[in-house]
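In order of appearance the chains are A, B, C, D and E, and numbering begins at 1 in each one.
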Amino acid sequence: MPPLARFALRRLLRGVVTIWFAVTVTFLMLRLLPGDPALAVANPNMTRETRQALLHQYGLDQSLAVQYGKYLWQLLHGNLGVSFSQSVPVTTALMERLPWTLLLTVSALVVTIVIGVPLGVVAASRRGFWDRAVQLSGVVGQSLFVPSIGIFLLYFLGLKLRWFPIGGAYAENTYGIAWYGSVLRHLVLPCLSLVLVQLGSYVLTLRSTLIDALGEDYCMLARANGLGERKVVWKHALRNALLPTTTLVGLQLGFVVGGAVLTETIYAYPGIGRGIYEAVTRLDFPVLQGAFVLLSATVIVANLLTDLAYGLLDPRVRTA
Amino acid sequence: MTSLIESAAGTADVADAADRPTAAKATWDAFRRNPLGILAMGLLALLIVVALVAPLLASYPRGHGTAILRPPSAAHWFGTDNLGRDVFAEVVYGTRASMLVAAGATALAIVIGVTVAVCSAYFRWVDGVMGVLVDLFLSLPVLPLMILVAALVGPSLQTIVFVLAFFSWPEVSRVVRSQALAVVRLPYVDAARLATGSPLWIIRKHLLPAVAPVIAVSVVLTASRAVLSAAGLAFLGLGDPNSWSWGRILFEAQQSGAMQEAWWTTLFPSLAILALVVAATLLSIAYNDARDPRTRKD
Amino acid sequence: PSKKAAESGSGVQLRIATTTDVVNFNPLIGSSRTDYWLTNLMYPHLLTIGNDGTKQPSLATKWGYTSPTTGFYEIRGDMKWSDGTPLTASDVAYTLNAVKKDKPSGTLYGQLANFSSAKAVSPTRVELKLSKPDATVIPEVGFWGNVVPEHVFGKAGSVAKFANNANWVSAGPYRLTKVAKGQSYTMERVTPYPLAPGGRPTVSQVVYKVYPDVNTEILALKNGDVDAIANALPPAQVQPLKQADGITVEEVPGLGYAHLAYNMDKKPLDNVKVRQALAHAVDYEAIRKVVLQGQAVSTGSSPLMPVLKQFYDPSLQEYTFDPAMARKLLQDAGYTADGSGKFPLSFRMIYSLQDPVTAQWATLVRDDAAKAGITIKPQGLERNTYLAKTDAGDFDIYAGNFAIMDDPATNMTLTYLPKGIINYSHVDASDLSALVTKAQATTDVNEQKKLVQAAAKLVHDQVYDNVMYTQNLYVAHRSNWTGFVVKPSELLSIVDPQSLANVKSSS
Amino acid sequence: MRVRGLSVEFRTRRGPVPSVRGVDLDVARGELVALLGESGSGKSVTVRSIMGLDADNARSSADEMRLGDTDLLALSDDERRRLRGHRMSMVFQDALSALNPVLSVGDQIGDLIRAHTDTSRRAARARAVELLEMVGIPGASRRVGDYPHQFSGGMRQRILIGMAIALEPELLLADEPTTALDVTVQAQILELLDRLRRELDMAVLLITHDLGVVSEVADRVAVMYAGRIVERGSGDDLLARPAHPYTEALLTSVPQAEGLGRDLVTIPGSPPNPERVPPGCAFHPRCSWAVEDCRKTRPALIEIRRGRDSACHRSQEVVGAGNE
Amino acid sequence: MPATSSPHTPQPAGTAAPGEVVLEAHDLVKTFTTGRGGLGRTRVSSVDGISLSLRAGESLGIVGESGCGKSTLARMLVGLEVPDSGSISYRGRDVTAARRGDRRLLRRGVQMVFQDPYTSLDPRMTVLEIVGEPLAASRTGTRAARRERVAELLSLVGLAPDLMERYPHQFSGGQRQRIGIARALALEPEVLVCDEPVSALDVSVQAQVVNVLRDLQRRLGVTLLFIAHDLSVVRHVADRVAVMYLGRLAEIGPTATVYEAPAHPYTQALLSASPVVDRARRGRMAARIVLDGDPPSPTSPPAGCRFHTRCRMAREDCRTDVPSLRRPSEAQERARLAACHHAEDALTRLEDVFGPA
């Protein structure tokens, strides 16, 4: 088998295993831990009959093994089941939300990188005051509690200054250009809080790898060859220092997509994180399982993309 | 044959080297010089003291008061909440619970994580299995799962501790394992393998001491992440409702709709979270810097 | 974004904030508050309710019984579904029969226990056959049940599985036209709507907007992002909002109550003295004053709340907060306090963490009981665990509240009969059961009043249930809106079809 | 090139560490001077200082430093930079870490050329191919776009040398260019350096601690110990008749065919820590010739013979002993 | 000095008569698989069919270019690495399989001195702990007895015993290497495998360590396997020399023979390329056998004779047939073997190596 095909196959296999793992963990948790979805869906004065009917309708009256087998079988056919509480296919329920989460996390990532790289470079190449300032704000940013900044931003930028709307992803009754504008305006605050929170780790990682890179022999050689400091930093050192940062992107993207629960909750952003939270409160098993499948898939795709980016940046991988 | 025993010159040379500080002392010397590190340590110590002597600082916030949602004053330094309870007392006792949760979860996560990491690094077959497991765990969306478990099991101090630990150990394991792998490859471990056939001996005498600094950093970072996660859970209404934690103060402020107007109900617990996490992070950075001879410039 | 421009955008738009997203568009399934608000505007109820809990005509103009096992509704003849199909008695009959058959999880099925079948005897009259005499069926089914279009729901197979998530038809003042899941739900005016003044709702468009919590809702209201908050404001926010410029706060009378149920299956709680001691060990006044900011009224420890004027019995007095009395009662029951004044009694009290008001007084109940030497361990639970534990009887004390207890006879069958589904105290007293069963079967109002009052007295004296208060709710809207009709309970609030068909903007 | 009184001091947490003290060096065009000394004696620091690439915490001073007729000390940072790679260049010890792993070899050579001359990208590339051919990379035009990891150790070192001579500098500083290589490859590289030196008429300062290498290629040799030059002279003379006990000990401690079966002559102790260099002659604690005076007074580097300098109180005796 | 001169002198584990074979390796093969960077796995043929025997009291030197498998061979011999195939026997007992008892036997009999004196000592342990570790781990003797033993070992390698409370970082490279040797001696092994014990040391210190090793061999009768890439050091230490190229033995024989009359073209090239401190040879660089190119990658070793790609004498058969290790005909020295099809030819062209006399 050619190495590339073998590589692709291995990645695929790993992806499948990861998804299977996520599915199994959630499946078992949902069924082995206490909590009855029939109770969660109906109102309190429901009769036992209704409850039995519901359990039967959800297929929860079968044995664990049968349920598991059925679920995996469905999954193989790309069928995530039907939401308990919404009576619509899980795919429909999730696909309404996924784009928003992706928009939020990806735009936050882009902004983070666009701001983070220069900050990291400044910190690494201009030691002393600027370095300390960047480092300290990175640490503080990293340590912020999302709801706290959420409240703060909403209060000042939303209520007091009225720069940005409070909650939601776009304004109703807007069309065309105005719609895009409203999407952008709604995106700013949640995106900003995500950026604040994750910027620190990128800047700090980049800073330290860049400092390492600048001390490497190849930077010394670049200087010995009479290259200007700017070229040494931006071309020779940064290209190398970005590699660990790329890995971080991959590690974090999956994490951020799942971790956006708090952000999405604070800003009523209709993303998948909030969807999960709501599904938990209703014990909507199929939606929860589907969401975890989707999140694992996102992690896999994110890792694949970072691998690709890594390959582009690192010829040692590309030409191996 | 010339005498093989080191000549006076040789011993003198060793004596000369003797006052070279040990790694630990060099680290401490470097650490002491870093104002941020000292500041962080002070802050952390302060929070620990607050947690320890909470009863001396305030009486446990229970029942209800008459002054509702009052801004900070001399009587109530941090103001009062919607039931007229003293926010300062809540924050003080919150420090206690938050740190307890963090400590419990961290201890558990560290024990599991380090055991797995060290065994993985030392025994290749363990690494085959555990490595995959850790990778799989790391690709799980942690916060949603924590929410799920906390919601299903029912929020209590124990649940929170277990949930946090259950989802934190893989990260500990990942970090410690990579360091342990590096150590296992060092020749002195090979030398130890030639000295004894007991893996336990090697792990105890060589591996654990060598990864101890990483574990130390990991403890601090895991704890600070645990504080954030616990606060997140509490904020979503999944904290232990019977003990005061910073997250619960925020949650109650949110539930009572007082968040926007009564800024003191949200500001102070938020600051407490920030202070703890910042202190922990700065401490670990300062420690790492002090440990690295390159950054400490000696 | 939809390509279609808002052609009706010329009219007035009313934006309403909510904190819960819509879960299900099928009124026979839906259980979230926003589900009700939305579907109520499309699928009419036969009856509506007055502020004192009395039933009033809506789709039905007349209702009653022709025999102990036969009931009837006369409905209006001028109603039409928005696609032009007339709304007839056969829609009503279809709805009831389908619910009976498919057992959807909504409230309605629970009301149909003694219902056998329905039949449209004319386009405007439907008759219901009951399996045994039950006076509560007609008013309760009329109030709780939405009527759904047979020509739409009939095609879907089981009404328990129908998502109803597109192409809505409405026989109410508005019709759902655009859904942005998790964000906003846009409804357009339906004309003609016979129940609106002039057959035409004044507002052309109603938008429900989802906010993460009440804090942001308040921000949004102050900001002018929304025109009304339809869910209940937290007690502490009522005063500040009343004082805020440009905002009007409306009082919504409560039709439910909050209570403590003592699980009589658990040992010392089967002892009436212990229950009475517990009843004396709660400072109800303080809870109403501090937690509820005075926005609640005592029911006299009786399930017959003052709002239900025709049933209320003012002679029942609330248990006083009297730790000494509690101690005495416990000593009578054979318990002795230890050196520190503590009795060897410990109770686990469950409550839902998603219910902020209960969550707040739960700790007060604990602290009050401690004064009487009784240990109460509050166990705050996530809503689902709470429901599961409630259902399993896994608690000593249950703390919670019911939103609408409009009909005492119905509610007593559910609350105090041994098999009642909300009989959380697990009471099984023959005298009480006899009274309740009789009340349920009696169609004579005066007779029924006597019976339920006697039952309520038993409940009060024996502490079969410890009803603490009825909470009055408050909702807010921007002051430029007038004409809201306030209906009791959060489920109706100011967003009942009648209210929204009448509301208008002054600016 | 001419250097006088070069000193470099590092500021560290434990106080200043003088690593290089008053080094004088001359390298003439076409000449290969070997700088010999053990690890930590300050060889690399000297070279970096000459290149103007001192570490952040280093402070260097010199009485005189000129390249041809340019006074290096008088130059601004930018002028100094433009000199680097153009008129003086450097070959590093570890070619793998000295080449940037993520940039193609052609790109790196191109960068160098374009930093000093006004050349188009394409022309720079063509020149890169030429250089690679010159240092003996087979299939240079194909491989110019390859990355460092795709070359073997010897080839990488050749590429480094190619970069160093790209703009035909007057002075080439080679810091242990062969230490990381196998003997068979080392021979190739040394030969290449020797050839290029002759072809381009460069001055080469070769740093090494391998006496064998010195003996094979050096025209002149300078021996460093604890940051100072302790002996200096032409290769033939110095290796045959060492005048400093350190050089002498070094020569005898190397296993040689004649000494088979006997114990090697050892130099007791170990090289001094630059933070704590013994007073007087830095070598005295390890020196078998040491006398009382060596402990107190530091011997200056003085000319003991024409073209021969040594910093030892007993140079004459040492030379004499060696001749016996 | 006789091997049992003083009661304190440590005894080698076994009492093999000089000349008896103590450690024998037969047809060892080791291939590593590496899977870096996610793209496919590569197989590195590190050692490919090496047979050796070590006789009691002798010292065998191994030379070869970097990456030719010297360390891998050494690690297999001490049991740190398990060979893919082939066998190792110690005193006639097969110890290849990693059975516990065999491991213990091997550990007691064969010990190793590592290349890098900086990373081969645990920085967190005192010298006492380091040197005493083999004893402490097997709970041999009391604490005090162990202490005494460590003191003995330290003086054996020329370190003052009172230094044993110190930490490694307080010692110089040469001293550290001697601590490493003392540790290796703690279990009184019969064979000491030294993997480049002096290459990380300064020239001025190398001699100290070389002398210690030679002295130990003489005094204790320890058998030495001495790996180095510095030909002159090997020549000084070893009785016999083995030359490795890309995982295989190129030539093996008594030191003098191999150095003076190398029969393998690779050995010849190696000798010719090594710089020697001898001004007389200066300028002869052009006359040397300079090998073309670099050693081929062990991931895809050439077929046939692995040296053929760089060999000046390569012919057709070298590309296809793997030469076996054999005694070149007409050679005087019986003990010398070379793996070259054309060893005889090579021997006639010796002047290329050392230049015209």
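Rule of thumb we're sticking to: a residue touches a chain if its C-beta (ideal position, glycine included) is under 8 Å from a C-beta of that chain, and two chains touch if they have at least 3 such contacts.
Just so we're clear, the structure is a prediction, and the values are computed from it rather than from any experiment.
Enquirer: Could you give the fewest steps needed to travel from subunit C to subunit D through chains in contact?
Expert: Minimum step count, subunit C to subunit D: 2.
Enquirer: State the chain with the largest centre-to-centre distance from subunit D, centres being mean CA positions.
Expert: That would be chain C.
Enquirer: Per the centroid of Cα atoms for each chain, what is the distance between subunit A and subunit C, given in Å?
Expert: Distance between chain centres, rounded to whole Å: 39 Å.
Enquirer: In angstrom, rounded to a whole number, how far apart do the mean CA points of subunit A and subunit B lie?
Expert: 24
Enquirer: Can you give the whole-Å distance between the Cα centres of subunit D and subunit E?
Expert: 31
Enquirer: Return the distance between the CA-based centres of subunit A and subunit E, expressed in whole Å.
Expert: Chain centroid spacing, subunit A to subunit E, equals 54 Å.
Enquirer: Residues touching two or more other chains, restricted to subunit C: which are they?
Expert: Within subunit C, residues 215, 219, 354, 382, 384-385 contact more than one other chain.
Enquirer: By residue number and range, which residues of subunit A touch two or more other chains?
Expert: 34-35, 151, 155, 159, 265, 281, 316
Enquirer: Please output the residue numbers of subunit E that touch at least 2 other chains, ranges allowed.
Expert: Expected reply: 172, 175, 211, 215.
Enquirer: Would you tell me which residues of subunit A are touching subunit C in their complex?
Expert: Per the touch definition, subunit A meets subunit C at residues 34-50, 53-54, 57, 82, 85-88, 93, 96-97, 151, 154-155, 158-159, 162, 165-170, 172-176, 179, 265-271, 274-275, 278, 281-283.
Enquirer: Within the complex, which stretch of subunit B touches subunit E?
Expert: Residue list for subunit B touching subunit E: 1-6, 10-11, 13-14, 17-18, 20, 22-23, 186-188, 190-198, 201, 205-206, 209-210.
Enquirer: Within the complex, which stretch of subunit D touches subunit A?
Expert: Counting only subunit D, the residues touching subunit A are 51, 53, 56, 81-86, 89-90, 92, 94, 97-104, 111-112, 115-116, 146-147, 149-150, 160, 163.
Enquirer: What part of subunit E is in contact with subunit D in the complex they form?
Expert: So the residues of subunit E in touch with subunit D come to 65-66, 172-175, 202-208, 210-211, 214-215, 229, 231-233, 235-236, 269-270, 272-279, 281-282, 285-286, 288, 290-291, 293-295, 297.
Enquirer: Within their complex, state which residues of subunit B touch subunit C.
Expert: Of all residues in subunit B, those touching subunit C are 62-64, 68-69, 82-84, 150-155, 237-238, 241-242, 252, 254-261.
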